[in-house]
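Below are two complexes that have chain A in common, paired first with chain B and then with chain C.
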Partner chain A sequence: MNEVSSVEVLNMLQMEHYQNAFEKKMEGKPIGWLTSIFPQEIVEALDLDYVYPENHCCAVSARKESPKFIDIAEGKGYSIDLCAYARLNLGYAEEGYAESLTIPMPDFICCCNNICSEVVKWYENLSKNLGIPMILVDIPFNDQYEPDQARVDYIKAQLEHAIGQLEAVAGKKMDYERLREVMKISNENSRAWQEAMSWLRSRPSPMNGFSMFNYMALIVCARGKESSKQVFELLAQEHKKLTEAGETKFKGEEEFRVMWDGIAVWPFLGFTAKTLVKNGMNMNASTYPDAFAVYYDEPTLEGMARGYAGTANTRCIEYHVDGRAGLMEQNGCDGALYHMNRSCKVWDMMQYTIARRTAEKTGKPYAIFDGDQADPRGFSEAQFATRIDGLKEVMAEEKKEAGK
Partner chain B sequence: MSEAHLYTLGIDIGSTACKAVALRDGKEISGSSVIQTGTGTSGPGRVYEDVFRAAGLSLGEVSRVVVTGYGRLTFDRADNQISELSCHARGVHFLVPGARTIIDIGGQDAKALKLSPAGTLTGFVMNDKCAAGTGRFLDVMARVLEVGVEDLAELSARSTERVSISNVCTVFAESEVISQLAAGKTREDIAAGIHMSVANRVAGLARRVGIVPEVVITGGVAQNAGVVRAMNEILETPIIPAPLPQLTGALGAALFAYDEAIKLK
Partner chain C sequence: MSAYNEILDLLIDAAKHPLRQLQTFKARTGRMAVGCFPEYVPAELVYAAGMFPIGLWGGQTEISRAKEYVPAFCCSVLMSGLEYGLNGTYKDLDAVIFPSLCDTLKCLSQNFKVAVPAIKHIQFAHPQMRKIEAGVQFLESEYGRVLSALEELSGTKVSDEAIAEAITVFNANRGALRRFVGLSAAHTDVISPSARHAVIKSGYFMEKPAHTALVNELCDALEALPESKKGKRVLLTGIMADDEAMLRILADCGLAVAADDLAQETRQFRYDVPEEGGAPLCRLAKWWQIFEGCSLAYDPEKTRIGMILDEVEKYGVKGVVVCMMKFCDPEEYDYPLLKQALEDKGIPALYMEIDQNAEAQAQTRIQAFSEII
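Right, the complex of A and B next:
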């Protein structure tokens, strides 16, 4: 019998994820839309079903359908300066159907502003337009390195309040034993994901880093589901096997290894990936996929509050610099590529400083390119290629110097 | 006669102009050409033919051709292609051996390059997609002021009270210039403001890469003394306009072609 590959299980789980949501919707059960790093454990533990608009945006954008929905939103008066995921999703909410991927319309929405602040207004508009409840978990920005107790207490109270609101949606009380179980699964999944990704440090790195963007869907959509662990464990085994054989799925010679910072340019995923391959660059580290794994040791509301308080976009610059420098060092990166993403203001706002300080700390060069996560009007292929050329040349010179 | 010499060509196919340099023995420019249309036009073909004529060379006398620039991947008459950043760095280092920072302002992008003492590229910062701080910005403004872009510098030299042009967006800045003209400001003062606007934008890039003297400015815009004056003023350091500023990329390509030709000999 042929062995089942991680990608096959990944695709099956993804299909099941959307199919299940539709089935539940047909059964008359409430469906939620969640922001990517909403504490999904509390939704999962109440047996509520949910999908992720941001994931949906990735799929629709990668399949070139984003302009249609962005145009609808802009026609409704949403500014081009708003996040393209927000415009795409608000446009989708008008239609409720996409050729590339359809998700069921929501009956409740859960928003957590640990990814950005704009998401609150995006979800408020959904809530008002659709006349459905919005559950908000507010996470304050960390100007300190680690979240302090006051923040943790505040977030814990937010979680308790959100649980009450979700109990009303679910029509039942929270089973705290079940919640602890889901929290444990979520943590194990995050660690299994981390373990699978740690193999990318091998030389050659066993995978083309762009594949991380596919697997990442699961750590976003199904962090609290037992089934996700199987994919990450299979992936880790595949990476182990490839590494032991000295093989890689990266096509061509892995001449350079780079860290990718920022969200993928979904409408140009193929172009960006191929340009890197053509230049012998493997993106074997990225801050993007890791942003969705939430780690906390203690399966309590306080532990969860601490975990969610510490997610990527709520952290101070020092933390970001240390994280990137550490990642580049661990994964043996020769340089870094920063996506100045027109949509993601909170990430971009810190990017010039993060890029400069990370380069100072690692001694490795970097390039910044303009793009957008979902709006194809924000990216130029030629401008991207010129920056990749430049980065490659600087990395090559540095390697030459180091070899002298 | 050419038996004793080794000739190489460097072609730089930019977005708005094509440039070519013929190099004798990796040391001396024996001919050059600039055609004011870029990739996707007749420019690449014309500059290639023209440089042979300018250098008095025939096809068989050239040992190797290297192409660079934005349109290099679609030019099929070269033996090799090398990216523009390396070619600019190489060309400038040849002309100004002490150069450690290069500010290059082309037709549709602006960049700041950091060089090692040996002339190799060690870092770079490029503009975002916006046309502010590029040659295209000056083209648009020159049209509004009803002068050729090559006459902008002379016009601004006669300024007595520089007008501030605050908009970064080319279209908005165009409206701003029109408003200033309507308000009775002189073309001289507005031209000086336009140069300061470009210089401000590019100085930001240069500061991000880190300014180490000597600072050399290249690209078509380096021929504009008004921009160079404004850059000197903002960066408070002498800015050296590269000799042959539009040809540094092509010269770098010709130098790389020479290295390759020697290796292949």
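Right, the complex of A and C next:
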């Protein structure tokens, strides 16, 4: 019997995820829409079913269907300045069907602003337009390096409040033993994901970094599910084997290793990936996939509050710089590639400073390119190619200098 | 009693000269001044600490160095604030306070911290789950951090009594401004859109008791005048309408501002800080809990839209001017729902983009709007 690969299990689980949501919807069970780093533990522990609009947006955009829904939203008065995921999803909510991938319409929505502030407004509008309850968990911005106790207390109280709201949706009380179990699974999955990703430090890195974006779907959608662990463990084993054999799935020679900062350019995923391969550049580190793993030591509401209080997009400049510099050092990157993602102000508005300071700290060059996570109008192939050329040239020069 | 126009001139003059106001205060008192970035900052704490709180709502300036820190799609109010920090305009400020109400604001604040290290940087976050008790407690803790930073700056402790006194002083100012906007709707023959804006804006650059006294004096003078509802009545909604050219065109086209729902204006003084019910810091935090009607405060019911419709009814408003701060995502999200609600009620709306550093707004669009209503 052939061994099952991580990617096969990944695809099967993804299919099951959407199929299950539809089946539950047909059975008349409530379906939730969640933002990507909402504390899904409390939803999962109440056996509620849910899907992630952001993941749906990735799929629809990668399959070139985003302009249709973006047009619908813009027709309603949504500005082109707004996040393209939001425009896509608000457009989708008008239609309820997409050729590339359909997700069931929600009966409740769960929003956590640890990814950005825009999601609060986006979900407010969904809640108002669809007449469905909105559950918000607010993670305040941290101007201090570490979140303080007041933040942890506030988040813990919100988790308790959100549990009450979700109990009303589920029509049953929270089983705290089950919640503890889900918390443990979530943490184990986050660590298994981290372990699988840690192999990217090997030389050559066993994976083409763009594959991270595929696996990432699982850490977003199914962090609290036992089944996800199998994929990450399989992936780690595959990476281990490749590393031990000195092999890589990266096509061609891994001449340069770069860190990718920001969300993928989903409508041009193929083009961006191929351009990197063509230039012998492997993206073997990224701030994006790791953003979805949330770690906390104690499986309690307090521990969970502490874990969520520090999620990446709520942090100060110094934390961001340290994180990127550490990641680049750990993974042996020769440079960094920053996606100035027109959709994502929380990422963009500090990016120049973060890029500059990270380069000062690591001594490694960087390039910034303009793009968008879902709106194809925000990206230029020519500019991307030029920026890659420029970065490659500097990296090559520096390698030559270092080799002297 | 002074004639209304003499008082108006004083307020308009203060609104036009923030830097002079600041320097005069510092020279006269030898005390410190603290800049308060948009949109909501507990300026009471600055006052209680014996300092001068001054509102920083951007301005018209050539953007050059700020571009090294933020991309072009940063709203002009924050982009120019950063530029002023970098080009030395803010050099007389001893500290700046930033809230973290939107993505641009939280990031710009972080940039300001590293780009303008000479000015003490204070940042805090409002809770969005503001209706639950834990939200109030969290904000109280945040205000405590702001207060500690101010105490560190001044080197003295601020007493609860001083904060309570500041709340009373600021509530009196809010009361005076509410009185003024009510009266200005009934005196549109003498209160032009520009004058109305300047009376409110001057409050950011004057010591509060002096501003309150002048505004009340102006209100007394207005009450003595016969009422006039000259002009086609409009309501302004958005972050701010701090665009002289646009305000002038509104007047030239025969439009009168009967009410506003602007963050720089009415949203600041629609509600008082509760005078009772806990320690002063807690009462300050409760203001955010009772506060409604702003795109920056969590509002899944979109209460703001109903509030605008109520004002339209109350003031006999004929049309709504949406003053859309360019690149302001919180406002941009509310817009489609507001637009729909206005359309459903048959209320004409005009979408005007506000960009402090752009050329004057198109006269023809306002003229056409004036003809519709």
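Operating definition for what follows: the second predicted complex is superposed on the first by the 404 of 404 C-alpha atoms of A that agree within 3 Å, B and C clash if a C-alpha of one lies under 4 Å from a C-alpha of the other, contacts with A are read in each partner's own complex, and residues count from 1 in each chain.
What we mean here is this: a contact is a pair of C-beta atoms (placed from the backbone, for glycine too) under 8 Å apart; a residue touches a chain by one contact, two chains touch by 3 or more.
Being a predicted model, the structure only gives us computed values, none of them experimental.
Chemist: Is A:121 contacted by the first partner chain B, the second partner chain C, both or neither?
Modeler: second
Chemist: See if chain A has more residues touched by chain B or by chain C, and give me that chain.
Modeler: On the superposition, C touches more of the residues of chain A.
Chemist: By the touch definition at the top of the document, which applies to A:387: first (chain B), second (chain C), both, or neither?
Modeler: first
Chemist: Let me test your reading of the model: by the given contact rule, A:154 touches which partner, first (chain B), second (chain C), both or neither?
Modeler: Second partner only, chain C.
Chemist: Is A:397 touching anything from chain B or chain C once the two structures are fitted on A? First, second, both or neither.
Modeler: First partner only, chain B.
Chemist: Just checking: does A:367 make contact with chain B only, chain C only, both, or neither of them? Give me first, second, both or neither.
Modeler: first
Chemist: Looking at A:205, would you say it contacts chain B, chain C, both, or neither? Reply first, second, both or neither.
Modeler: The answer is neither, since A:205 touches no partner chain.
Chemist: So, does A:134 touch the first partner chain B, the second partner chain C, both, or neither?
Modeler: second
Chemist: Where does A:77 make contact in the superposed view: on chain B (first), on chain C (second), on both, or on neither?
Modeler: The answer is second: A:77 touches chain C but not chain B.
Chemist: Residue overlap on chain A between the chain B contact set and the chain C contact set?
Modeler: Residues 340, 352 of chain A touch both chain B and chain C.
Chemist: Inside the complex, what are the residues of chain C that reach chain A?
Modeler: 68-71, 73-74, 100-104, 106-111, 113-115, 123-129, 132-135, 137-138, 141-142, 295, 298-302, 326-327, 329-330, 332-337, 339-340
Chemist: Within their complex, state which residues of chain B touch chain A.
Modeler: Residue list for chain B touching chain A: 70, 83-86, 109, 116, 120-126, 128-129, 208.
Chemist: Enumerate the contact residues on chain A facing chain C in the complex.
Modeler: Touching chain C: residues 76-79, 81-83, 86, 113, 116-118, 120-125, 127-129, 134, 136-138, 140-143, 148, 150-151, 153-154, 157-158, 161, 316-317, 340, 342, 345-346, 348-353, 357 of chain A.
Chemist: Within their complex, state which residues of chain A touch chain B.
Modeler: 340, 352, 356, 359, 365, 367-368, 370, 380, 382-383, 386-387, 389-390, 392-394, 397-398, 401
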